[in-house]
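Sharing a structure below in structure tokens format, with a few things to ask.
Letters A, B and C mark the chains in the order given here, with residues in each chain numbered from 1 onward.
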Amino acid sequence: MAEPRPDRPALIDPRWARWAIFLFGMAFLVLFVALPVLTIVVEALRKGWDSYFGALAEPDTVAAIRMTLTVAAISVPLNTIFGVAAAWCLAKFDFRGKTILMTLIDVPFSVSPVISGMVFVLLFGLQGWFGPWLRAHDMKIIFAVPGLVLATMFVTLPFVARELIPLMQEQGAEEEEAARMLGASGWRTFWSITLPNIKWGLLYGVLLCNARAMGEYGAVSVVSGHIRGLTNTLPLQVDILYNEYNMVAAFAVASLLAGLAIVTLVAKSMLEWRYADQLALTRR
Amino acid sequence: MTIEVSNVSKSFGAYHALNGVSLNVGDGELTALLGPSGSGKTTLLRIIAGLERPDGGEVLIRGENLTKQPLRDRRVGFVFQHYSLFRHMTVFENVAFGLRVRPRKERPSEREIARRVDDLLSLVQLDRLADRYPAQLSGGQRQRVALARALAIEPKVLLLDEPFGALDARVRKELRRWMRKLHHEINVTSVFVTHDQEEALELADRIAIMNSGRIEQVASPAEAYDRPATPFVSEFLGFANRLPCRVERGFARFGDMLVPAELEGYAGDAIAYVRPHEIGLARLNGRADIGRATIDSIVALGPDARVDLAYDGQRIEVLIDRERLAELGLNVGEPCAISILRAHVFKAA
Amino acid sequence: MAMTAVAEPRSVRRWNVLPGFGLSLGFTIFYLGLIVLIPLAALFLKAAELDPASIWKILISPRTLAAFRMTFGASAIAALINSAFGLLIAWLLVRYRFWGRGIVDAMVDLPFALPTAVAGVALTALTARNGWIGSLFAPFGIDIAFAPPGIAIALIFVGLPFVVRTVQPVLQDLEPELEEAAATLGADRWQTFRKVTLPSLSPALLTGFALAFARAIGEYGSVIFIAGNRPGETEIVPLLIVIKLEEYDYRGAAVIAVASLLAAFLLLIIINLLQRRLGAHRG
């Protein structure tokens, strides 16, 4: 990140203004960011460390952890492949309808999570288009893992693509073309040339995609049926525990998710710091 | 308003932009700060304006020490290299800006402001464009708006940072001529920065030639060209042949040639800068006090010819009237005699 | 928000040299269609199963109207507050140097990274009558949690990064010469800010506001816990949709969902138009 220019006399704000801006800004951030995180920690540990770890070891919670990891393990790689494919055709080729395609990829961002989950209920729910067909074949999508995966895929679809598209566009196609001229096959070109060039942008996109996939609540809530032990992810588990007034447990699980968020942010910062130039290209 | 810069220094981290620079600009003068990039000329200009604070030294305008004065009270007009017009304001609003931000007590009425802006726009010949936005103007027009804007506040001094740098050659020439006329009309003490020596030579009353944070010479254009004070000025201002020589008893010796050298009391190795038109050409005629050279090429440049010669293992350029060259009947590949008419001699480093 | 203009690749007609065009485009469209387009189509088709009269009835029912009022009202207020403070924080991060600036910069991203349910329970605990913040206001009879202010608080939280991240790069790239020019012309810092800097930032501010607003309209997880969810009073549109789904009133849910999508879409168009008018003569 570029350094500000406090040495240019014309840009120096008066002292009182600097202090006021600093205090108001910091107060806002403390209020809205620091305090909530602090609250989670305090509430989770309200009854001590034993209760905390006890809550995390509950079978339902462990099942929720497993479910969250499973859903992420399926949706993130799939969306990554999608992201790479979309970036490949959008960045290296010219065709009509590019802008439309990019706008469509962005759609999940503008849709409320509840609606994101709801569309799958409309398709696969008991009264949905495929509902009777699924029932006849004894397959469940809604209120089962496939539903969770689909809803998560919908919501996190754009993340990797959004990072890779501007990056690959900026990089152009010259290197790939050169490789092809030298006789490399398509896949070889991709693995040896393209992938190394985009690896940091890819990692960044996967990181964000994963954070969202593990933390998604609204969409998953609609499709899951909240069946404990079976179709619960960690965010849903927080919901259940909270509604049972099991505060310590709810905040214990919340703290796991908050921890995940913080790890994501730290990793994000590190990536940004070390590979600023490459990532800056995606900021257009 | 005179400007006095005393011993100003400025560093940016480990980079020394200015090293103890001093300069005096007389009332109503148009002075150029000329030098290559990195010479410190823009930094000096910005320090005079108050856009940078010097690490040492002071700036006085009409005797007032401005170094401690806040920027907005200095009433210095500044024209930026890329104009820095306010894109969301019309030409009129841009020029009126300086008048509208004055404290209530000093602010003229809107009618008065309108009158002044119109006068200024007429002065810079842009009166019909008052309602346009900067994006709708050409580079040259934008530059004139920037000038009008700076003049609106009736500045004590006018400072211009490479004012014509971002324009194409033809527009630049026109604006130079126009600027010269304008300066005569309004007569505000002005300093401008440029790396283009032709611009400095054409526009300025006096030039300050800068190099690596120091001022090498301050003189009128003619004087700087005829009597360069340092090797750098000789090389920077116009082309000069660089010839090694030995100085003894007030003369510089080039092989068998002796030329008066303006180096008092020095004897030893030296470097001489000789302008292309200060070397004479002749047929070899047996005289001893000449240099022998071979003609490598002859290029016609309008009424003159540029003759490239090999002399003493070096390439030198000579500028000579084409008719005279024809009279001499010299051709490419032939040997000839050269005589050095005038040399600017400096001690060898 | 859609990605900004596509930078054209440096040469055209490349698909006879590089392979995989058909494969990648085909896969992309297939995947997109399967996961996004077909499901969304199902939504619109479901809503269309009702006749216009029934659709209208659902939309103007008191409960629906109250939910829309609540959602849009709170979202607008939250987006406005985020715009003001977002500008402040962006200024802080770009123009000032202070110890811990990197940490503060990372803090801005937390609402992005934190799961909405977690934010929901944390903010509720904080603003409930016995919470750290809630207890400060309780003696005055002001309820934050389980009341409209709570909804606004949650929406401010989720929208916080949008304005900061939209304004920050623009502020970073702002030519200092513009502010220097204003200063040489005699303007003080406040005048310079009002007349020169702010107009330069307003497109970015507007975009940030729109993004925060759009996000807030659809927000569910963080609001559900703090809202109290009383129909007609503190019920938000996404919740209304969920309730209809649980009642198996798929058509009703679809109608409200489509209405909410169209309203958000309309909002983005209006803001886009405003942007264009702002930028019209700027070149």
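Simple rule for what comes next: a contact is a pair of C-beta atoms (placed from the backbone, for glycine too) under 8 Å apart; a residue touches a chain by one contact, two chains touch by 3 or more.
As the structure is a prediction and not an experimental result, all values here were calculated from the model.
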*asked:* Contact counts by the stated rule: is the higher one at B-C or A-C?
replied: A-C
*Determine, using the mean of C-alpha atoms as each chain's centre, which chain is farthest from subunit C.*
B
_Inter-centroid spacing, subunit B versus subunit A (mean Cα positions, whole Å)_ = 58
*Quick one: report the Å distance separating subunit B from subunit C, using the average Cα coordinate of each chain.*
55
*asked:* Taking the mean of the C-alpha atoms as each chain's centre, how many Å separate subunit A from subunit C?
replied: 16
*In subunit C, what residues contact two or more other chains?*
180, 182-184
*Which subunit A residues reach two or more other chains?*
8-10
*Set of subunit B residues in contact with two or more other chains*: 50-51, 71
*Complex contacts: residues of subunit B adjacent to subunit A*: 50-53, 70-71
_If we count contacts the way the header does, which residues on subunit C are in touch with subunit A in the complex?_
1-4, 6-15, 17-21, 23-25, 27-29, 31-32, 35-40, 42-43, 46, 85, 88-89, 91-92, 94-98, 102, 104-111, 113-119, 121-123, 125-126, 131-133, 153, 156-157, 160, 169, 172, 176, 179-180, 182-184, 189-190, 214, 217-221, 225, 238-239, 241-242, 245, 248, 250, 253-254, 257, 260-261, 264-265, 268
_In the complex, subunit A residues that touch subunit B_ = 7-10
*asked:* For a test of understanding, state which residues of subunit B touch subunit C in their complex under the given definition.
replied: 49-51, 71-78, 80, 82, 84, 86-88, 97-98, 101-102, 133-136, 149-150, 152-153
*So in the complex, which bits of subunit A are touching subunit C?*
1-6, 8-14, 17-18, 21-22, 24-26, 28-29, 31-37, 39-40, 43, 82, 85-86, 88-95, 98-99, 101-115, 118-123, 125, 127-129, 150, 153-154, 157, 162, 165-166, 169-170, 172-174, 176-177, 180-181, 186, 189-190, 211, 214-218, 221-222, 234-236, 238-239, 242, 247, 250-251, 254, 257-258, 261-262, 264-266, 268-269, 283-284
